[in-house]
Amino acid sequence: MARVVVDVMPKPEILDPQGQAVANALPRLGFDGITTVRQGKHFELEVADDVDDATLAKIAETFLANPVIEDWVVRRVEA
Amino acid sequence: MARVVVDVMPKPEILDPQGQAVANALPRLGFDGITTVRQGKHFELEVADDVDDATLAKIAETFLANPVIEDWVVRRVEA
Amino acid sequence: MRVGVITFPGTLDDVDAARAVRYAGGEAVSLWHADHDLKGVDAVIVPGGFSYGDYLRCGAIARFAPVMQEVVEAANKGMPVLGICNGFQILCEAHLLPGALVRNSKLHFVCRDQWLRVENNETAWTTRYDRGAEILVPLKSGEGGYQADQRTLDELEGEGRVVYRYVGEDPNGSRNGIAGITSANGRVVGLMPHPEHAIDALTGPTDDGLGMFLSLVDSVVKA
Amino acid sequence: MTVNTGNTVDTVENAEKTPDQEQPYKELGLKDDEYARIKEILGRRPTDAELAVYSVMWSEHCSYKSSKVHLKYFSDTTTDEMRAKMLAGIGENAGVVDIGDGWAVTFKAESHNHPSYVEPYQGAATGVGGIVRDILAMGARPLAVMDPLRFGPADAPDTRRVLPGIVAGVGGYGNCLGLPNIGGEVVFDATYAGNPLVNALCVGAMRVEDLHLAHASGTGNKIILFGARTGLDGIGGVSVLASETFDDTAGKRKKLPSVQVGDPFTEKVLIECCLELFAERIVVGIQDLGGAGLACATSELASAGDGGMRVHLERVPLRATGMTPAEILSSESQERMCAVVRPEDLDAFMAVCAKWDVIATEIGEVTEGDRLVITWHDEVVLDVPPRTVAHEGPVYHRPIERPADQDALQADAPDRLARPSGDELLELVKTMAASPNLASKRWVTQQYDRYVRGGTVLAQPSDSGMIRIDESTRRGVALSTDCNGRYTRLDPYAGAQLALAEAYRNVATSGATPVAVTNCLNFGSPEDPAVMWQFEQAVKGLADGCAELGIPVTGGNVSFYNQTGATAILPTPVVGVLGVIDDVRRRIPTGIGAEAGETLLLLGE
């Protein structure tokens, strides 16, 4: 068993209303100095040892992310 | 300027319908060997250098995460 | 005139789409997500709702359903396909239409009666309208913001493939106020608002939406 | 306090051998005499599982122990004539009325106040989910929801935390189920500041012959648990039973969550699955799993049936590892149902569940005799007479006392206020128009889908919601919920009647004929005699009002302990009235001025 993390983020040129809402709210809550916030998704997968990197890349690209609007990063982490 | 990442995940004992839906879909798409999927949020923040760790921890706890049902991790990353 | 209406787990507006087809004089045929079969229909509607709970991304899981493989194949051969709301999202995820739909700019689900301007009345689904006409139909969605890169937007605008545009106050942050678009051949149309909820002034704000279903009946009868 | 040691499970055999073992009944909310009664019923000390089951089922929420003696007044005042159209009433999951043409309509309101304060989105969402399952369990297709809400002052900081979450939760769950929201209330008052009210109402319809009641009968029939897996949701209270030395693979188990997370997608699929099962006529009895989970479902099904029941608890599909029998029985995991099925229909039942991808497990059977027996890997962990759990819980006659300040309150009448002059009057009108209680509720209502499924004839901004039940005949129903807590504080008897009268008028003016009433009685602590007086008065007022109008109360819900510290909320008996209209085209929309030249008439004094 391996643990795999996939982070999916809106592409920089795509409007990110959620991240923007967070960025706008922070000063109102008294937190200054945060200039940009972007919000995406974080997936944690438990995968069998025979699942290779190419398969993981494919899962991320065809399913977990929508390449039209999102970028993604796949990484294996220590269990 | 520093870049800070906050990952927010549903607590392990809390139902995660989103992760479950992803996990159920994978075999139907022909991807086997993924036993568990949990889905959370991934925030990327650009913060001024004078924002300290305590402030970041507070932002995560009081605003980015919902401590009743979520766990979170804050980390500074290379820009 | 047989029109297929797909039901995925979590589909909600299938009954409404079928009713709209009947009001327009067609026969509604239900199609099940797990079937590899379009039952010989002349056109397909992918209705609204929350297929698979809209988990992951709206439409992302439904796109892989067996019936969708058939829809993609049929659409590529010219079959008229209409995606409403979640159906529009599914058609984008399935790459039958370009772009994607993201969270409303104000982050809330919005249910309201929405004015739309008809920009293209030459698709299989819009010939009953006058170009430039304004119609009032319900909009009800949380992720209705239409997004695409600049090149795609230029292409859509240049080829006249924007079918509907929002009139008045922007409801969800869509680029160029886009409410609905069509494929290059004008056969596949997707839109966020709900024409199937505007077929009778008893249960909707107007009957302005009926024109889409009447247009389809016309186009299939003509063909 | 620890009962278990290691991973051993407390069995009936063990309980018999260790009669003097101390048990944390107090932490579980049981009083000394209640614990003594359980011992008396069983003739021994209860096992952990039994203690868990009795404690949740004998809680105020499940047993109505403080309200029962008062609620009886509803039945006492319901005449046979009022009962004529009632197919099911108080005591069933939800009331059912015959609306003609072979249609039956079922409706009920429920509160989810405290969970919505702790976690507004999920609390409100699961509140909607729960009431929808109640309606489904009657055999009906759920058709619409409503949400009477109460918040602290609109500008209070906590309201800004609570309100958006609750509204998003009601919308998020209801919209995803495809249930139009056809009305509700949004009221602000300081007494709700630490205690918002989230009441949810659901209405559904079925053909009269499809009515299902919750009972387990027919020896040999199978008990099927279907829907979501069972997890550690909402068992915070029962966690005192978990052994301190309990060892999960990840080490010691953390404090258990008392929050449940809803999965509306699973519920939507469960609804369609159930409706298909009903259509195939392969369900003998059915019960939803709500508060008190399996403990409630098994004991209620068994006590309503004509035999006993045996449940193999280890068969329950779990979401968490290492759950104990007590935890499994009291888990409040959402989106689950329990059905009784004849053995010959089992395959057909499983096939429908498979079609909808719904997990279904045969967990037991109806037995001879009259005991509910639950085993865990063949060891008996619970063996009780089910009625003692579900229906024969404690009954309290709480002290009642008219509050000391009631006279002064009533004497402080409006004629002691100065009359505003001309200019002041204008200001007053502006102030009122801008006040949160009177301002537009669009911010809330536009987050709710009111169009889905194409049957909504009236919704906001109408005084009542109306849906079409039958597309061919256009027969439909109208619903309105109302309550003015300030009036009720001034005079609980009259206040409850005013709530009834307002809901009744709203339904009548939409063109429908009122036929039945439901309620959701939100009050402070029943241990406060002043609150109990308010409660008693409100019940009397409502029941007498219903008798006067000739329409029965078919069901309802009581929510006590709505208070912050010693301060109770305004007494808030929310009343829902259901009306029937034979052709929804004859509806009367709210509002004037659709056409020039309309004549305005004032009716009444």
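By letter and in written order, the chains are A, B, C and D; residue numbering begins at 1 in each of them.
We take it that a residue touches a chain if its C-beta (ideal position, glycine included) is under 8 Å from a C-beta of that chain, and two chains touch if they have at least 3 such contacts.
In UniProt terms the chains read A, B = Phosphoribosylformylglycinamidine synthase subunit PurS; C = Phosphoribosylformylglycinamidine synthase subunit PurQ.
Model, not experiment: these values are computed from the prediction.
Novice: Between A-C and B-C, which chain pair shares more contacting C-beta pairs?
Specialist: Of A-C and B-C, it is A-C that has more C-beta pairs in contact.
Novice: Express in whole angstrom the distance between the two chain centres, defined as the mean CA positions of chain A and chain B.
Specialist: Chain centres of chain A and chain B, defined by C-alpha means, are spaced 9 Å apart.
Novice: What is the distance in Å between the mean C-alpha positions of chain A and chain C?
Specialist: Comparing mean C-alpha positions, chain C is 29 Å from chain A.
Novice: What whole-number Å value describes the gap between the mean CA coordinates of chain B and chain C?
Specialist: For chain B versus chain C, the centre distance works out to 33 Å.
Novice: Averaging over Cα atoms per chain, report the distance between chain A and chain D in Å.
Specialist: Here the centre of chain D sits 39 Å away from the centre of chain A.
Novice: Name the residues of chain B that each touch 2 or more other chains.
Specialist: Answer for chain B, listing residues that touch two or more other chains: 17, 20-22, 25, 29, 39.
Novice: Among the residues of chain D, pick out those that touch two or more other chains and give their numbers.
Specialist: Answer for chain D, listing residues that touch two or more other chains: 263, 265-266, 357.
Novice: At least two partner chains per residue is the criterion; list those residues in chain C.
Specialist: Expected reply: 52-53, 55-56, 64.
Novice: Who touches whom among the chains?
Specialist: Pairwise, the chains that meet the contact rule are A-B, A-C, B-C, B-D, C-D.
Novice: Spell out the residues on chain D that touch chain B in their complex, using ranges where they run on.
Specialist: 118-119, 122, 228, 231-233, 250, 254, 256-257, 259-263, 265-266, 319-320, 333-334, 357
Novice: Which chain B residues qualify as touching chain A in the complex?
Specialist: 1, 7-9, 19, 22, 25-26, 29, 31-48, 50-51, 55, 58-59, 62-64
Novice: Can you tell me which positions in chain B touch chain C when the two form their complex?
Specialist: Residue list for chain B touching chain C: 17-18, 20-22, 25, 28-29, 39.
Novice: Spell out the part of chain A that touches chain C in their complex, as residue ranges.
Specialist: For this pair, the touching residues of chain A are 10, 13-15, 17-18, 21, 63-64, 66, 68-69.
Novice: Please give the residue numbers of chain C that touch chain A in the complex, ascending.
Specialist: 56-57, 60, 64, 92-93, 98-100, 102-107, 145, 147-149, 173
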